[in-house]
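Think of it as A, B, C and D in the order they're written, each chain with its own count starting at 1.
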Amino acid sequence: MESLGNVIMYVIIALTIIVFSVLAVTTKKILRSATYLLFVLLATAAIYFQMDYEFLGATQIAVYAGGIVVLFVFAIMLTHKPGEDAAPLTSHKRILGLVACGSGVVLCGVALFGYAKFCGQSLTEMGDFTIDKLGEMLLSTDKFGYLLPFEAVSVLLLACIIGGVVIARKR
Amino acid sequence: MPLSSTIYVLAIPFFMFLFLGLVGVKMPRKITGVLGVLGMAVTTVWAYAIAFTYFFGDGPQKVNDVYQQLVTTDWTWLSFYADKLVVKLGVLLDPISAMMLVVICTVSFMVHLYSLGYMSDHDGNPEKGFQRYYADLALFTFSMLGLVVSTNIFQMFIFFEMVGVSSYLLIGFYYGLQPANHASKKAFIVTRLADLFFLIGIMILSFYTKTFDFKEMMGANGGTICNAFTSAQGLTFMGCSVTGWALTFIFIGGAGKSAMYPLHIWLPDAMEGPTPVSALIHAATMVVAGVFLVARMFPLYVLEQGAMDIICVVGAFTAFYAAAVACTQSDIKRALAFSTISQIAFMMTSLAVSSAQGKLIGGHEAGLGYMASMFHLFTHAMFKALLFLCAGAIIHAVHSNENSKMHGLHKYMPITSIAFLIGCLAIAGIPPFAGFFSKDEILVACYEKGIGWGLWMSMVAGMTAFYMFRIYYLIFFWKKHEVHGEHAPKDQPWTMTLPLIILAAISVVAGFVPFGDLVTWNGKPLETHMNWSVAGASVGIALIGIGLATVMYRKENPLPDKLATMFKGLWTASYKRFYMDELYQFITHKIIFQGISKPIAWFDRIIIDGFFNLLGNVTNSASFGIRKMQSGSVQGYVSYYIIGAVLLAAITGAVILCI
Amino acid sequence: MEIFSNMLIYFVIIPILTLGGLALTKNKGIDAIRAVAVTGATALVALALYLVYVFLKARASGVTDVMLFQQSVMWYAPLNIKLALGVDGVSVVMILLSAFIVFAGVFASWKMDPLPKQFFLWFFLLSTGVFGFFISIDLFTMFMFYEVALIPMYLLIGVWGSGNKNYSAMKLTLMLMGGSAFLMLGIIGIYFHSSATPGVHTMNILEIAQYNAIPHNWQMFLFPMTFVGFGVLGAMFPFHTWSPDGHASAPTAVSMLHAGVLMKLGGYGCFRIAIYLMPFAAQQLGWIFLTLTGISIVYGAFSACVQTDLKYINAYSSVSHCGMVLFAILMFNTTAMTGAVLQMLSHGLMTALFFALIGMIYGRTHTRDIREMGGLMHIMPYLGVGYVIAGFASLGLPGLSGFVAEMTIFVGSFEHQDMFHRVLTIAATTSIVITAVYILRVVGKLLYGAVQDEHHRTLTDADGTERIATATLIICVAIIGCFPNFFINIIRDSFTPVVEALTSVM
Amino acid sequence: MFGCGLYGFITRKNMIAMLISLELMLNSVDINFVVFNRYLFPAQYEGMFFSLFAIAIAAAETAVAIAIIINVYRLAKNVDINQITKMKF
C-alpha cells in the first residue's frame, strides 16, 4: 500500500489535469486555453516527478511549459485580436466530438481496467538512475542504447528548424 | 433425252434469275423480257422431253409396267450428322413429279409469254421493273420445279420457303402501292406460320425415322415403309400417335400454301399482284404445293387414318366455304381466287378419301382418289390459268378488277370471251372438257368413301358451276358496256392471245389423257371406268347451276338484288368472306401486337432496363453520399478514424471474449 | 523469337502494325489513313483465308489434334501464365468472320468524321482484342484480350456515337464490365482448381480439360459465374438491355463489329470455357440457362415487333438470334453446337450488313424512325435490295446463311432425348414466324409504299465504298447459305472433345 | 485528458486551439507510457525514452505547425479552418 501522502498528491494532480484540460478545450478565449494548457503541462510534469523521473519532468517543463506554450502565446498574439471569442460550436460537431471522445474514453477505460490488478501496487524501488547514465544510454549503441533515435530526432529537429524558417520567412 | 439431264430444267431458270437480276437491270427492258421468254421456252421443251422419256421411253424408270422412282441427281448439301440425317439436294423423278414438270413449265411459259404484253402499256412499252419481274418469275419457276423434284422432305421444305419468297416478291411487285405491300406481307407471314408447323412436323418425323429421304422413309413406290416409322406409330403423345401428329403438322404446312381453311386468308389478297402472277402462282402451281406434299407422302398418310380424316374434313369444309364466298364476290380476281381455293380443296379431299379403301391397300382400287386428285391438279392448272389470263386480259383492257366496271364485253373481246367460256365449262365439269373427267373421278372416290361425302362434294360442284357462270355473265353480258375514256376495250396483242388459245385448247382435250395409266400412287397402272351414274348426276347438277346462273345473270334484271336483300345477313357475311379477315386482324393486331409485343417491350424498358438503371443510380448516389465524407476537414477524418478504431477494438474485444 | 514463326500471332501483329501505321499518319491526311486501314483489313482477310486453307490441309493430312498450330510462351512463371496459341475449327471460322467484318467495317466508316485517325486507331485496337481472343487458348490471355476488345467500345460509342450516347456507352461498358467481373471470378476459380495435384495450377484450356479436376461443387459455383459473364456479352435475357441502347448509339462500323463479332465472343466463351471445362455443372445447371436463352429468343423477337427505331429493331433481333446461339450450345450435341457456330457466322455477317445499311440510310435521311420513312426502294434501290436481302437472311430464306444455321440448330436441338428440351425447341422455332413479322413490317414500312417525305426524293443511292462494304457481306452470307457443308466440315470435329466430356459426366 | 484533447480537436475551429488539443493528447499518451513503464518494468527505461523523444518531436512539430499557421494567417487573415478552403481541390 502506498503512503497516503502519495495518494493524496496523485489525486490532486489528476484532478488538476482533468479540470484544466476540460477547461482548455471548452474555454472561449484562446489565450485562456493556452494558459490552461500550461497548467496541464505542469501537472503532467508533476506526475513525472512523482514517478521519480526527474529528468523527464524537467524536460517537460523546459520544453513544453517553457518553449511550446510561449510559442502558442506568441502565435495567439500574432493571429488574434484581443478579446475575440471563439465562434459558438455547431451542435452536430459537438455531438460528433462527444461521441468520439466518449468512445475514446470508454475504450481507454476498458483497456485500463484490463490492468486493474496493478492498482494496489506500490512503487517499487527503481535502480539508481542518474543523468550520466541517461546520457550514456542516449549515446550508446548497445541493447538499451538510443543513439539511432537520438540522431534521428536531431536530424528531425534540424529539419524543423529549417522548415520553420523557410515557411515563416517573409516573401 | 436422258433422264439424268433433268437437273438442267432447274438450272436454266436459276441461271435466268441470276442473269436477269444482276445483269438484266442494265439492259433494255424489252430484251430482258424476250430473253426470259426464250429461256423459259428452252426449259419447257426440255421438260416435255424429260416427261415424254419418262412416261413412254424405255429405261430404268419402267420395270414390268410399273413406274419407278428415280433419283437422277443427288448432292449432299448440308449434313446434320456425319452420315445420317443428311439434307441432299437432288432430283427425284416419278410419275407425279414428271407430271408436275409439265404443268409448271407449260403454265410458266404461257405466263412468261403473256406477260410480255400484259406488263406493257397500250403502246407496247414495258413497265418499270420489267427486269425484276422476269427475274422473279424465273426464280419462282426454279423454286417450284425444285419443289416437285425434291428427293427428301427437307429439300421440299427449302423450296417451300423459296416459293413463298418468290410469291412474296411477285405479289409485292407494285411495292409502291399499299395494298400490294400489305398483301405480300400477309401472304408471306401466313404461309410462314404454316411452314412453322411443317418444320415441326419434319423434326418430329425425322427424329423417329432418322432420315429425311422419301425413298428411305417409304421405300420404293411406297412398298416398304421404314421400320422406324412403323415402330414410332406405337408411341403416343397426348392420345394420338406421334406420327399422326407429325403428319398432321406437315399437312398444316401444306394447307398454308394450298390455302386451306383457316389459312386461306392470304390467297384472295394475293390477287394484288400482277394478274399473270396470280395465274402462275396463285392458281396453277404454288397453291397446289400442299396437295403435292400430301401426295408425295401419301404412303405414310395412308397409315395414319387420323391425319387423313383431318385432311378430309378440312378439305370438304374449305371446298364449300370458298364456293359460298365465291358466289358473292364482285372483284373477279377474288372470285377466281376463292374458286381456286375450292378446287384445291377438292383435290385435298380426293386425296384424303382414297385411304378409305384401306382394305384394298396395294390392291387395284386403292389409289383412285389419289389418281383423281393428281388428274384434277393437272386439268385445273390448265383451265384456271386460262381463266386468270382471261381475267388479266379483261383487266388490262378496262383497268379495273370490279365486275361493275365490265359488263357486256363479249362484243369487244370475242376471243377472250370464248376462251373464258371454255374455262368455265371445264371447271363446271361439262363433258367433254377437261374438268369433267377429273372431277368425275373425284366424286366417284368420294362416293366410295361414303354417300355423305359424295353428296356434299356434288353440291359444291354445282355451286362451282353457278358462280363461274355468274362471273362469266357479269363480265361479258348482263348489260351494255359503258365505255370509259377514249379507248374502247379490245382484244389484246398476240403475245397475250396466243397463250389463251393454247391453254383453251389444252382445256378442251386434257381430259382424254389416260391418267390412270400414267400417274398412280404406286406406279402401277390403274384401270378407270366411267361411273355413269355419278357422271350423269354431276353433269346434271352442273347444268342446274349453269341454268340458275343464266336465269339470274344473263340479262340485267333485279332478281339478284332481290335475293341479296332477302338474305341480307347471309349475303353480307359471304361478301365479307364470313369475317375471317377481321378475325385475323383482331388476333394479329389486338392480341399479338397489343397484347404480347407491347407489354414485352414495356417490360423490357421499364422492368429490366429499369432494374439495371436502378443499380447504376444506387451506385451513383451511394458514391455521392460517400464523397461528402471526403470533405478535406481534418476534424472529420479524426472522428471517423476514432469511431472506426473503436469499432475495430470493440469487434476484436468481442471476438476475443467469445473465444 | 520462336513465337513469330507461328502464323497465328500475326492476327494480333497485323492490327498492331496497322495501329502503328495509323499513328504515323497526319490527322488531316484522310487518304493516308484510309489507305493504312484498308491495307490492314485486307491483310487480315488474306491471312484469314490462308489460315482456312492451311487448316483444311492439315486436317486433310490426318492431323487430329484438338487444336492446331499450338504454341506457348511463358509470360509469368510464378502463376504459370502463358501466351498460348492454338486454333480449332470454331476459332478458324470465327477469325474468318471477324476478318471480313473488319474489312467491311473499314469501308462502312469511309467518311468517318470527326477525328478519323483516332476512330480507326480505336477500331483496330478493338480488332486486336477480338483476334487475340480467338487465337488464345490460355484463360489469362483470353481474358486480357477480351478486356482489350471491350474498352475501346466505350470511346467509340461515347465519342463517335449519336443520340443518347453517353448513357448508352456507359451502360454498355458497365454491364459488360459487370459481366467480366463474374468472368474473372470464374477464371480465377478455375485456375485454382485446375489440377488435382496441389500446387500445380494452369491457365491452359487444353490442360485443364485434360486434368478434368475441377471438383463438382466448385463447378456448380464457377459455371454460372463464367456462363453469366459471357452470357452478358451474348445478350442473354435478362442481361441484354445494353444491346439496344448501345447499338442505337454506336456509329455504323462499331455496331457492325460489335454485333458481328464482339457478341460472338460471348457464345464462343460459353462454349470454350464454361461448358468445355465444367461439363458436370453444365449438365446439372444447363436447363436454367436453357430456359433463359429460350426466353431471349422469343422475347427478343416479340420486342422487335413494336420498335420504331431501325437500330432498336435490329438490336432486339440480335438478342433473339444470339439467344439462339447460346440455346444451341446448351443442347450439348454436335449438331446443335455446329448450328450455333453457323448461327454466329450467319448472324455476324447479317447483322453487320443490317447495321451497315442502316448507317447508310441514316446518313442520308438523318432519321432512323421507320414512321418517318417510306418508299425508299424508289429512291435508293441498291440499299433497298441490300436491306431486303439482309432481311431474308434474317428470317431464314434458304440459300442465305440464316436458314442453314437455324435449321441446323432446330434439328440438332430436337435430337435431344429429353422431352423438356424438345418442347423448348418447338417453342424456340416459333421465333421464325415472329422474325418474319418484324422483318416484313420494317421492309414494308421503310422500303415499300409511297415516299413519305418529299425531301428524301433528292437522296442518292450507295456510292462505291458503300457498295464494296455491303457486297462483301452479301456475298459471304450467300456463300454460307449455298455451301454450308464446307463450313460444317471445318467446324464439326471441334466439338468432339466437348461432347465427349459432356457425355462422360452423364 | 486524451478524451478532452480529442473533443477539442474535433470541435474547435481555431487552428491554434486544435494544436493545443493535440498537445493535450500527446501528453496524455506520454503519461501513459511513463506510468506503465514505471509500474510494470521499473528496471527498464523504454517508456521514459519514448516520452522523451515524443516531447522533442512534439516541440518540433508545434514549431512547424505554428509557423504554418502564422503563414496561413498572413495569407488569409484568419486561422479558422472552415474558412480556409483555398487549398481544396
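Here, contacts are C-beta pairs under 8 Å (C-beta built on N, C-alpha and C of every residue); 3 or more make two chains touch, one makes a residue touch a chain.
Note that this is a predicted model, so its numbers are computed, not measured.
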Per Cα centroids, the chain farthest from chain B: A
Chain nearest the overall Cα centroid: C
Between B-D and A-B, the pair with more C-beta contacts: A-B
Inter-chain centre distance, chain A versus chain B - centres from mean C-alpha coordinates, in Å: 103
Averaged-CA centre spacing for the pair chain D and chain C, given as whole angstrom: 63
For chain B paired with chain D, centre-to-centre distance based on mean C-alpha positions, whole Å: 96
CA centroid of chain A to CA centroid of chain D, Å: 9
Residues of chain C whose C-beta touches two or more other chains: none
In chain B, residues with contacts to at least two other chains: 635, 638-639, 642
Shared interface positions of chain D, touching two or more other chains: 6, 10-11
Pairwise chain contacts, counting only pairs that touch as defined: A-B, A-D, B-C, B-D
Contacting residues of chain D [partner chain B, same complex]: 6, 9-11, 18, 81-82, 85, 88
Sites on chain B touched by chain D in the complex: 632-635, 638-639, 642
For the chain B and chain A complex, residues of the former touching the latter: 635, 638-639, 642-643, 645-646, 649-650, 653
Footprint of chain B on chain A - complex, ascending: 93, 96-97, 99-101, 103-104, 106-107, 110
Chain B contact footprint on chain C (complex, rising order): 170-171, 174-175, 238, 240-242, 299, 302-303, 305-307, 334-335, 375, 377-378, 392, 395-399, 403-404, 407-408, 410-412, 414-415, 422, 425-426, 429-430, 432-433, 436-437, 440-441, 444, 447-450, 484-485, 488, 492
